[in-house]
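Chain lettering (A, B, C, D, E and F) follows the sequence in which the chains are written, and residue indices restart at 1 in each chain.
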Amino acid sequence: MATKPRKIMFMNPLASSSGVDAIFADMARQHKLPGTEVHITSMPADVGGFSHIEFRSYEAMVTRGIIRGVRAAAREGFDALAIGCFYDTALHDAREVSGQMIITAPCVASCEIAASLSNRFGIIVGRRKWVNQMHGTVREHGHEHRLSGFYHVELGVDDFQKDHAETGRRLIAAGRKAVEEDYAEAIILGCTMEVGFYREVEEALGVPVIDPSIAALKRAEYAAVLKQQSGWIPSRKWSSEAPSEAEMARFGGFDDGEAFGNRIVVEA
Amino acid sequence: MATKPRKIMFMNPLASSSGVDAIFADMARQHKLPGTEVHITSMPADVGGFSHIEFRSYEAMVTRGIIRGVRAAAREGFDALAIGCFYDTALHDAREVSGQMIITAPCVASCEIAASLSNRFGIIVGRRKWVNQMHGTVREHGHEHRLSGFYHVELGVDDFQKDHAETGRRLIAAGRKAVEEDYAEAIILGCTMEVGFYREVEEALGVPVIDPSIAALKRAEYAAVLKQQSGWIPSRKWSSEAPSEAEMARFGGFDDGEAFGNRIVVEA
Amino acid sequence: MATKPRKIMFMNPLASSSGVDAIFADMARQHKLPGTEVHITSMPADVGGFSHIEFRSYEAMVTRGIIRGVRAAAREGFDALAIGCFYDTALHDAREVSGQMIITAPCVASCEIAASLSNRFGIIVGRRKWVNQMHGTVREHGHEHRLSGFYHVELGVDDFQKDHAETGRRLIAAGRKAVEEDYAEAIILGCTMEVGFYREVEEALGVPVIDPSIAALKRAEYAAVLKQQSGWIPSRKWSSEAPSEAEMARFGGFDDGEAFGNRIVVEA
Amino acid sequence: MATKPRKIMFMNPLASSSGVDAIFADMARQHKLPGTEVHITSMPADVGGFSHIEFRSYEAMVTRGIIRGVRAAAREGFDALAIGCFYDTALHDAREVSGQMIITAPCVASCEIAASLSNRFGIIVGRRKWVNQMHGTVREHGHEHRLSGFYHVELGVDDFQKDHAETGRRLIAAGRKAVEEDYAEAIILGCTMEVGFYREVEEALGVPVIDPSIAALKRAEYAAVLKQQSGWIPSRKWSSEAPSEAEMARFGGFDDGEAFGNRIVVEA
Amino acid sequence: MATKPRKIMFMNPLASSSGVDAIFADMARQHKLPGTEVHITSMPADVGGFSHIEFRSYEAMVTRGIIRGVRAAAREGFDALAIGCFYDTALHDAREVSGQMIITAPCVASCEIAASLSNRFGIIVGRRKWVNQMHGTVREHGHEHRLSGFYHVELGVDDFQKDHAETGRRLIAAGRKAVEEDYAEAIILGCTMEVGFYREVEEALGVPVIDPSIAALKRAEYAAVLKQQSGWIPSRKWSSEAPSEAEMARFGGFDDGEAFGNRIVVEA
Amino acid sequence: MATKPRKIMFMNPLASSSGVDAIFADMARQHKLPGTEVHITSMPADVGGFSHIEFRSYEAMVTRGIIRGVRAAAREGFDALAIGCFYDTALHDAREVSGQMIITAPCVASCEIAASLSNRFGIIVGRRKWVNQMHGTVREHGHEHRLSGFYHVELGVDDFQKDHAETGRRLIAAGRKAVEEDYAEAIILGCTMEVGFYREVEEALGVPVIDPSIAALKRAEYAAVLKQQSGWIPSRKWSSEAPSEAEMARFGGFDDGEAFGNRIVVEA
């Protein structure tokens, strides 16, 4: 069996100043397997001071940082990387330049788990603003026929961790609506910043509640295990082709500046 | 972290006389994580002497055995169970009576992996007979838009392991057609009895080739890990509701006779 | 024109002890054409004492009985056979071994009729539990875009015939919701045990109300007429291929014991 | 049981001068049930001299005639009416003014039969010109996922009955392509003027071959039987609402001139 | 740049007696570009006295008039033609015989605009009767995934212009429901006779409100501009093939009588 | 009528060093309406030296530049803006921050035109690499059911304008395959750098051939006309909500440096 530790990166596409990396590091510590080393990273300063990317235009500003970070992680020999935003921001873009590293993200990882535990699930988001894009993402991932709906709680990304009691109440109320009125059989928390609430909501509702940060981390770890044992790495054929290093060097920007604004290492 | 070993069952829905359990046990030994105990089981004699279930009517004969086996495994405290047929035979039926045990199967497990490594994949099956049903299964799982097609090699389930060189040649030829003519970026071997060929086909084609037995085993193990760490177990709400023990006892047949015809234990 | 009577079987996939066969026989007597001989059958004792198969796992226990019954009916020279459960249990499995006999079932038969009389219809089921599976069946049959929704009345299969007045009230209330709130133009009663209510509901709602048992019986008779006149019998090509008799004999179980637990013959 | 004869109209939307009504009358004589009276009709002279309606713009010219004919048939007390063109021309328009008469048409009737006998079928058309519209019709009817494809034989509607040997050869060649290359398990002849060939093609190919004229006639008869026995008539709710007689009289044209240009009565 | 004026026809498929052509002419005057000549036409007397075509059967009566009018307009050298009904009545039929003239219609034109301004829109119709057909049209045009729903205001086509204050109130109430309850981001007025209300509704709701008559007119003008500058005219290949003049002459009716019942010319 | 000139920007998301802006300026000069002022712009140096963005990861690097450019254009009072890449790069992101300016792009603009001129079209791309992403875009735009397929000519973006004769030959050969083998009725050139070839390909094939650069420019102009005349500007409700200026200022990067690397003004 594998003896080399698996290396996983959980890359928060927000500014390091957002101060949430420690929360993700705690989560990683509690949920990783022995033999898995996890690095929690966030964006460097020149990518901007984003404490959230609720807007598509915000995502468009940080995708550059994601590409740079993914390339850096691949060079460092990471086995898998999770992009820490439920929009699955730049997932397909990142896959192109990930080399032998597998890329995953919270939405796809959560849907896979929810689909294995139930036939129908609801997704609790912060604001209605997010729904159109996430609906498209869920459709693209192939889970639209399992959706009971999206449920918003009138909280922005930055609000979830402000008043835990209030956030918990709202998540439970939204989840109850999903389960009782729309016949959801499981719930996905549709924002990585809803981290820390799944057990409480689960207990209140009596159905599985998936935390997307855990899902993304564990899906990355699962991919790393598969890579170690079966050698399954990303295809580089047809649409999965990677650009050449020479051309990237010529066009520029792929390796400028710091790749990460912050890094917390959780040992194997 | 968890100290109790994870218990996984890989349940071959064929007669133990098929003699393939040892192949699966070898596969499990090579691919399981430390701390995972795997039991390879097959159907008891009274379920019939099926060496393959290529026909829907054959599946209809063994689903009873699958239900009985799943109930037995749940009672024994298994964390997750993989049904060892690429039709994902009785997957949803089994989930209903699995208690706190998660059920998975080769087709869904393979599609999830292939979708994480490529944007488009082909599935190599034994006979054209299988395609209609499997296409429906892939559609139900949500991966139809990623399919380049199905490719048959004119071999029955019982033939794959007869002449390894010939089987290898055919799988590679079919895979080449998928990749070169239909632009597949990854390949799924669409039968658990294609076990043992993925590395050879991968090397020949230069794209990821997913072995469905490994995929099912590892997806079960992944589910067990998630259960241990996050407590995620099957929903029992709405369509996921389980029948009552009292009614099952009254209707009968759920616990008659031996649950398994064979069992190989791979220690944690 | 045909002089030989058409032979139709209405096969109730429940235990004969369920005592409902007489209700179906009455229905057949009132609705069959002259020249049609109908046999109402139910499952033999060794298939279990199922008075309903509301659960997928219950279906998985009786599919074996359906296969055996279908084979027996084909050998007896039946022209067509209707499986008497709105899940259309084992429809595709049964078709594989039906020889020259056409197989139909209540859901597909009802949807065809409702689609010929309206552009949009609702389906009244007993319990919400059933909806996910039936939705999938309706989708597979190709009628999803005509669905106004499913409406449950909080009655199990065994309850429909207990208190006729109450059942009637609930079916009418559910149908009214479908028509008035969701703009259904016709109603399908989504359980064969809702037999005997369609005229009353129709009168109350003023839209067509399809009884699935009648629909299944008549669709089978229609198939038998087409077979007699045009020779249209099931394809045996590609996915419709049947297993060989020799292999079925070798694997066993296909012809064990009694094929039917009960049989009521309604003469031509 | 019903003693009144069922009255069915097979309405050819072409000019009576097309001279094909006798062919349909023969077909009806050979395929109707005892107790079914069939009238074969065609369009009156003022609707135009159409010997075919291969073009959408031709259909647009005759829909007026279809509406007038349907209204006349409903007034005469017909139980069901089949529109004799595989485009299912004006099917939904006609349903609106059919009163208690059920309307059907060849494409929908053929697809229902083919879907009951196989999992996948091909449609043989005269010219590629027709495919786009028919594909849309098949999709609307809900059978797109069963289509292996459309196959054209470079014959116009007016050509099918000119040289029977040549037509037969082309239909068989096209059918063979569908079955052998695209894995069709059944064939639908996609033009009512392909009448008279299905047995020959069936024998050559060894799969069910559906004649759409027979299918339409028999589907109408089946609807009439259901109407007689269960009282199932068209919904008039929501989108199925009929216009008022007063308004139709005011707008004019609904009852002008002769309703039919020809009528052959096949006694019950 | 082009110096020849672009010629656009806005063809109202109703009787000229409906008296609404002047409203459309005013609309055209206010919205056309310099260099665009617009003719507002309506149906000649022999097509019937239709003041609305809310029913499919009404459409079936006037399609003949649309075909005749389209042919006449093409002969007169019009560059583009808009069919003035939100059902997009006979759009595909008309395209077949339009020669080098491009045909458009209100529903497709409105959906294109709404999709460019928002991600999700609702359609306000007069009566629920219309919804099923319009839903099918929107689906065929490819915009179903953007629909928040249809909203009916219990007004017939003939009622919209009767009491402006009341119509305005109802449109606003329906639009509010779409926006506030179903999260529509834009509104389409789903009837050309809702002309004249879009600014008032837009002001009340604060989201874009598309007038379908303007949309159709402008889409036709846009097509005419593209034709002038890039030479883009309708395909005549495969399903877009036109019938031959000789055959149309032989079948008859394509050029009988007056093509238009009314014509208002808005100079370039 | 409007007297103020309409202001349109055609924003090339590549580096100005790509030197193709003059080609687009010529195209604009030949195709714009009188009264339309067009600015051709490209990316500033700090966005990188991209001469093409064939890779998703390249797009991810330039989306920042698109957002900045769109904001600058909105501030300058442009009425509409076309993003000059057939991937429709960052279309939805850009719409969010476009204020009262409408955003369009080549793929959606071309599909709308092709759908108005034919029922089925093929798209000619440079390399197979592009197909997966473009297929998704076409699906999202709602035109998937009209696609005959994608056809690649083994040329990169940078190659199209190198050897005109060779490029023309390849485009014609690919278009012929689409039309003759897959029954396309129109062709879309699937790269803005295929500019300058549409007339030649059209002449060779006899079906409409859409140039995506012209389509995007004209669609933007059409949107500007609609804005001027009917006041139709982007929705800012729900998913179309824009971020606040204050937050953008706080996060930073939205207005850094030059917005454009190059600008050619084509006077009204």
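Rule of thumb we're sticking to: contacts are C-beta pairs under 8 Å (C-beta built on N, C-alpha and C of every residue); 3 or more make two chains touch, one makes a residue touch a chain.
Worth saying up front: this structure is predicted, and the values here are computed from it rather than measured.
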Would you mind naming the chains that touch chain D and likewise touch chain E? C, F
According to the touch definition, list the chains common to the neighbour sets of chain B and chain F. A, D
Could you give the separation in Å between the centres of chain E and chain F, each centre being the mean of its C-alpha atoms? 28
Taking the mean of the C-alpha atoms as each chain's centre, how many Å separate chain A from chain E? 46
Go ahead and note the Å separation of the Cα centroids belonging to chain A and chain F. 31
Could you work out how far the Cα centre of chain B sits from that of chain E, in whole Å? 55
For chain D, residues that touch 2 or more chains besides their own: 92, 119-120, 128, 131-132, 145, 183, 238-239
Chain-chain contacts, ordered by label, are A-B, A-C, A-E, A-F, B-C, B-D, B-F, C-D, C-E, D-E, D-F, E-F
Provide the residue numbers of chain B that touch chain C in the complex, in ascending order. 15, 47-51, 54-61, 63-64, 66-67, 90, 92-94, 96-97, 128-133, 136, 140, 238-239, 241-243, 250-254
Provide the residue numbers of chain C that touch chain E in the complex, in ascending order. 119-120, 145, 183
Touching residues on chain C, where the partner in the complex is chain A: 128, 131-132, 139
Please name which positions on chain E make contact with chain F in the complex. 1, 30-31, 33-35, 92, 102-104, 108, 112-113, 115-120, 141-146, 179, 183-186, 198-199, 202, 206-208, 210-211, 214, 218-219, 222-223, 225-226, 229-235, 237-240
